[in-house]
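First the structure, which I've put down as structure tokens, then a few questions once you've had a look.
Letters A, B, C, D, E and F mark the chains in the order given here, with residues in each chain numbered from 1 onward.
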Amino acid sequence: MAVFSGTAHPELSAAIANHLGIKLGGLKITRFPDSEIYVKFEESVRGADAFLIQPTCAPIDANLLELLILVDALKRASARRITAVLPYYGYARQEKKDRPREPITAKLIADLLRTAGIDHVVAMDLHADAIQGFFDGPVDHLTSIGILSDYLATRNLDNVCLVSPDEGRVKTIRKIASRLRAPLAVGYKFHPAHGVSEISGLAGDVRGKTCIVYDDIISTGGSIDEIVDTLLAHGARPEITIACTHAVFAGKAIERLSRPEIKEVIVTDTIPLPAAKRIPKITVLSASGLFAEAIQRIWTDSSVSSLFD
Amino acid sequence: MAVFSGTAHPELSAAIANHLGIKLGGLKITRFPDSEIYVKFEESVRGADAFLIQPTCAPIDANLLELLILVDALKRASARRITAVLPYYGYARQEKKDRPREPITAKLIADLLRTAGIDHVVAMDLHADAIQGFFDGPVDHLTSIGILSDYLATRNLDNVCLVSPDEGRVKTIRKIASRLRAPLAVGYKFHPAHGVSEISGLAGDVRGKTCIVYDDIISTGGSIDEIVDTLLAHGARPEITIACTHAVFAGKAIERLSRPEIKEVIVTDTIPLPAAKRIPKITVLSASGLFAEAIQRIWTDSSVSSLFD
Amino acid sequence: MAVFSGTAHPELSAAIANHLGIKLGGLKITRFPDSEIYVKFEESVRGADAFLIQPTCAPIDANLLELLILVDALKRASARRITAVLPYYGYARQEKKDRPREPITAKLIADLLRTAGIDHVVAMDLHADAIQGFFDGPVDHLTSIGILSDYLATRNLDNVCLVSPDEGRVKTIRKIASRLRAPLAVGYKFHPAHGVSEISGLAGDVRGKTCIVYDDIISTGGSIDEIVDTLLAHGARPEITIACTHAVFAGKAIERLSRPEIKEVIVTDTIPLPAAKRIPKITVLSASGLFAEAIQRIWTDSSVSSLFD
Amino acid sequence: MAVFSGTAHPELSAAIANHLGIKLGGLKITRFPDSEIYVKFEESVRGADAFLIQPTCAPIDANLLELLILVDALKRASARRITAVLPYYGYARQEKKDRPREPITAKLIADLLRTAGIDHVVAMDLHADAIQGFFDGPVDHLTSIGILSDYLATRNLDNVCLVSPDEGRVKTIRKIASRLRAPLAVGYKFHPAHGVSEISGLAGDVRGKTCIVYDDIISTGGSIDEIVDTLLAHGARPEITIACTHAVFAGKAIERLSRPEIKEVIVTDTIPLPAAKRIPKITVLSASGLFAEAIQRIWTDSSVSSLFD
Amino acid sequence: MAVFSGTAHPELSAAIANHLGIKLGGLKITRFPDSEIYVKFEESVRGADAFLIQPTCAPIDANLLELLILVDALKRASARRITAVLPYYGYARQEKKDRPREPITAKLIADLLRTAGIDHVVAMDLHADAIQGFFDGPVDHLTSIGILSDYLATRNLDNVCLVSPDEGRVKTIRKIASRLRAPLAVGYKFHPAHGVSEISGLAGDVRGKTCIVYDDIISTGGSIDEIVDTLLAHGARPEITIACTHAVFAGKAIERLSRPEIKEVIVTDTIPLPAAKRIPKITVLSASGLFAEAIQRIWTDSSVSSLFD
Amino acid sequence: MAVFSGTAHPELSAAIANHLGIKLGGLKITRFPDSEIYVKFEESVRGADAFLIQPTCAPIDANLLELLILVDALKRASARRITAVLPYYGYARQEKKDRPREPITAKLIADLLRTAGIDHVVAMDLHADAIQGFFDGPVDHLTSIGILSDYLATRNLDNVCLVSPDEGRVKTIRKIASRLRAPLAVGYKFHPAHGVSEISGLAGDVRGKTCIVYDDIISTGGSIDEIVDTLLAHGARPEITIACTHAVFAGKAIERLSRPEIKEVIVTDTIPLPAAKRIPKITVLSASGLFAEAIQRIWTDSSVSSLFD
């Protein structure tokens, strides 16, 4: 077993290696002055069961291309099996054509990874389940639901209600709600009557409740902002907890999450969170143990499925 | 241009050919006594732009294998391009792994079609948008929303509300609602409190309204039955209209749709509906014109996208 | 090593597992009400050397599609190698184009299996040897000649002659004849003179002999019926033995085999023979030991070739 | 349309071009002193529908590799479609594994041609029909039966019998026999009784008849020699006609064909016959018209199937 | 014909379109706040012969990924043929492994382009000729030698000598020298004697001559700086002209080119040159006419080869 | 581990096996009278890590096709990994298009090898480094520089200068020069002035020196002949040593190498050198130890890279 880290998220890679009780493999990654990437593995990988840890978060072009180049180098150096550990799968929200003449970039990325030489993928909380089918080979699809639920349980929140900001996350919200034994509510947009513009509705009763909103990805925080407004309008207590797996936190995200009705923001470390964005109310839970366990089991051909849920 | 029909749905194929003003191509399809399929195209397809019409509805194994064999024969007979017109895409609901060691059959089917020699796919209202990405080549993804909405508009229903039976169809319901300038409601399942078993909830106000429920596929009618109960419990008028694209109608479907609170059931003809199931309240709208138009445009390299929505 | 059985022939799978001294792997295979197949492996197959036993006999569409879906599930569950054990290879007689615009379905099936994820194939008495070449990877091609010959030797038949019903099986008949140290005869169709319609001829002297007719597949029994007539017309003793590997027995097969001049019908169990068709004169020899031995040797990288002849 | 000739059989290529009323495309093919082949097309082939004429006869390695290199050059020069016209398909008799650890070279050749960039194949009288299935794309499989039969009909032979030297050609012999309205006979090898070594048998009555023996390929003439002996032993007239499609004529072939009981040897020109081997009794019928017609029809997307039989 | 421009070099694309007398196709390319690229073609490309102009210069990751996504969108929108016009091919200098466990990124890029759906490539002055072989399909390899030579001829320089800065460009230098009917010289590094460190040598006599140095790519200008030193040391006139195809101009390039002994720097516009780098002594010759001509000829299936040299 | 030898160079294969302390695997290779190759492995290769030794030297067509057929047989016999050991890679000098409508045969060969079933390649001193990139999988690229340099060091030559006959080998010459701590010189062709025909130039001072000329391949010896003339014209001592890796020695090579100013010719045994060409001044150094070591390390997953330089 040889575990290597791209440059996207060295802290997570180090934490995974620490859990595994190993050192990360020697690997040189640099840039030429004209922006071209150069990589070189510093130790033999011949016959190795190689794992590459690289979330394809921003800067997504650079992180993705670096990953592809690393895979090419491993393949040509006779690695026996190459597993890409992708804590965050960029472009996951472009998994379909919503309009004509758009790409399906999430599928393209899967094809590029296969072309470079990936044999196996480990991912977490993919935005759409069908992305698993974009790969021809095995995908071990981990989830952070356990990590988030376990932490939330320790908060001893009272009179809780789990909230999905839109219809896309109801399936996940149900799983968290069932672990916390709490009711759920769902936000949605609708036209209440003819000629009236779209407004935010809410299914479920949140009056006086302590709401926990979960989304898989928080990008600019726009939809979180809206659901918080909606929850407050429906009488929720102004002590709302926000949870997400992938803390993209682009644009105005931090500003929006700073509003006082949001009491705590719980995220995992699938994407590096720069110090400047680490406002006090953010709690980062590490998924490194889960990734380490998955790597260990893949390496030893043990069942990974018990980590799925 | 040469348009051929498999044996899955000859009525639809005939209707499409009629719209195009052409005769269906000569094609012999038989079975040997041991159940093996035998096919032979009765006219030259050399250099042809060939279209094969075959919904992969039940008996799904037979219809799918027949389609694959037809494609193989076309390919070996030097057809220039082979387009599969798949009014219904079977196995679409197995587009992801929900549990470990399941297949992703919707992807497998796409791969089998590519292997047999398909260049291009025309489909309608795929259960999950990401299925488009399961194909490497172009997919023209038609929708019956226009057909259904236009018909509904002619019914002059009063005080209408569009209803999605679960979170999966909200996106489509929004499109119909916006055409009919009507509000919407969404059914969902939830645990109202700790220790209480799952019940059906409803987002949106349906009191005294004439509800139109849409689902893409009605299989055994179980979820339609539940949403009707829920709507009635929330005060909807007992004159509910059910609309769907793909009338699978397996098991108890007809029995369930026969309940008196359902006034009309509107479906399209993507799947053949045997006479025995054609109860009076069912209205079948033909999608044949839409498929004919798509074939015509593909053949002449005109834009198909205006048919998408 | 993990050995799984599709639903085509559970008795044969059980017999193979028994020979191997193992339990068949846990596997759930069901149908949804709309006819779609659902499968789920009940135990981890990660890193496994997996064998799937499934003759693609009638209902051939169902058995084939089930096999493809099982392979897809195994592949996505990280099985290391997937071997399809195909005691009977359906569509083997469509291995060429006899007329323009026909498919070559036997090749299509091989391509579909490769696409689904098969690494290795074990087959028996393929109708045409060239079908081995339809696969890119290894095919272990077993034969039942040894089983059949050994059994025939125990019958102590007197003054025996081996008979091929047509030119297609002469090669196999020679092998059996050389094991039984008996002469052979070959049936064929010919026009004896200008303007005379085709009749059945026979090469070789069968006068007063105890004939053993071998064919690889008996489907409706039509050609067996004809060769029996021919043999009797050429003076063979009316105590004819029929042997075949693959007892398809469709249509009027049992009726035809019931004629009194046929004394015994010897078949193997590559295809399940329903109780209703098990008339007393049929002797079923099991190929399960041979398949078990092949699986054992493939698993241990021992030579399989000694099983070939 | 652009038609090019490799170096294997320039006479045939010239004859085909003559039938088409075109000039062969400019093409330079040379060898470096170290035996490497160098090719260069002398005119633009961009967008061309290119046909390459090259039987893969002896020296088979050279002819095959030259063909592959020509295809590579055409592909890289942007030809639109590349059709290999293969009057003789070398290695066709290695289309299966007869023993363990043999190759299936006929399949390998098909794979190599696809890899180089072949889109389409035109072949004649392939040794095994299943070789068509070794290709993924279209194969136009011509036959010389018409040419040979038409010529034989002009000979006004009396009391004719068509003879297949072994079981492998019975299917073809039937077609010729039905055109000439003559009976047929089949040679075969068998053990007449226990302990007796294999002898040549003959099915059908040839006493006093004028025999026409057909085989697809005559290599060293060994099996022709044997069937002639057998025919004479069974009372055939010592004025035997030999017909074949592919005149390989290796080793002692000419010597064997020179025996006086063979009156005429009819072959086609799929393989070049050097002057030294053109003994007077050999009649060479040209297949060039048939190949020209096939090329013409492929180019104009007309049906080729009427040329098949 | 439809010609589209990525965002890498809109000026070049506009110039090419101008030469062709067409408008560039409508195309929307934006970024989401989290850095993901979004593209949408604004007009139908169904059946189109589509050309995408995109040099993969810095920022190379972004330009490359954008190109791949554009190709994916074109492919799924049913473009008939997709040609990538790559005025500059990034990563071309990583076309081999110089050390173990390096990637061969130039091959990887070719594979990624093929996977995305490229059918055809137009490139200019590839760093290594063998890169053409990295593609399976046609590559039209243009050269700027004509443009540069024609311009140099107009300068009426006296007593000229063409200089290659190292052994890698001698082949190109010969072509320019033969057009200008001038002698040549070659720089190289060597150890003049045992124990002496490597120094720059020069083959050819440059004493009192007006030197023209050509390199395919000028990145940081380091090797240009060295060859200028060497030329001066060998007595060349301090009025040196530098010519290159691909003006990468990274790092200290402009500073180095500013030294007074360099009189003029002639480049083409395969890479955008920002205003800040456009020092007066730089002359930019446009390759847009050449690319336009190549596109025109590819579209009309005319010969492109006359543009190669 | 199983090591097999094709017929191209049995002496080298035997020497490699001897170094490994193993017997070469049993393998039958014959020709049919019509020139077709027949191969059969005489022992089980199921699950084997198989190595095939075959330089693709002249007769190159035969050696290459034999190699492809051997690979096909190994693949179908279930070998686990197939490594082609290619001491000499024929067609390496056709690795690019120099003129339009040429092939890129070096890439074609790589593609053919992959199609046949090669997993891994071991090569030596490839003519162009980029050929490594023609393969998708790992290439272990050995070099004879160490062997040649070590031998040269033992010759105790005085006042040595390393010479590259043209610009193509400067990179290699530098490596040898640095091992021998000697200066270098480079031959080249140039036009010394307008209107003067091309002459041979030389960079570097060879006056009174003992020159060692290295080229990777010596085919007809023409360029060696020219560089010797040039060296003598520049005052080199008439005791020149010639070294090369691949002794093709076609055409007039031996005659040219016999000139008295060439004192010794040092080659390796990557290509068989027939006795008739073994003139006394030729020294053959064996690369067998290097190949044996590489095979040993590949088999044991040890690092091969230390053998690269």
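By definition in this document, a contact is a pair of C-beta atoms (placed from the backbone, for glycine too) under 8 Å apart; a residue touches a chain by one contact, two chains touch by 3 or more.
From a predicted model like this one, the values you see are computed outputs, not experimental measurements.
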Starting at chain C, fewest touch steps before arriving at chain E: 2
Shared chain contacts [chain C and chain D, defined touch]: B, F
Contact-richer chain pair (by C-beta pairs counted) among A-B and A-C: A-B
Farthest chain (mean CA position) relative to chain D: A
Listed pair (B-D, C-D or A-E) duplicating the C-F contact set, over half by residue number: B-D
Interchain centroid distance [CA atoms averaged], chain D/chain F, Å: 40
Distance from chain F to chain A - Cα centre to Cα centre, in angstrom: 51
Contacts with 2+ other chains: residues of chain C: 44, 76-77, 97, 99-101, 104, 107, 111, 132, 136, 303-305
Touching pairs - complete list by chain label: A-B, A-C, A-E, A-F, B-C, B-D, B-E, C-D, C-F, D-E, D-F, E-F
Touching residues (chain side chain E, partner chain A) in the complex: 32-42, 44-45, 57-62, 64-66, 68-70, 72-73, 76-77, 90-91, 93-94, 97, 99-105, 107-108, 111-112, 114-116, 219-220, 248, 250-251
Residue ranges of chain F in contact with chain C within the complex: 44, 46-48, 75-78, 80
Sites on chain B touched by chain A in the complex: 95-101, 104, 106-107, 111, 128-134, 136, 141, 167-168, 170-171, 174, 177-178, 181-186, 188-195, 201-205, 303-305, 308
Chain A contact footprint on chain F (complex, rising order): 120, 132, 136-140, 297-298, 301-305
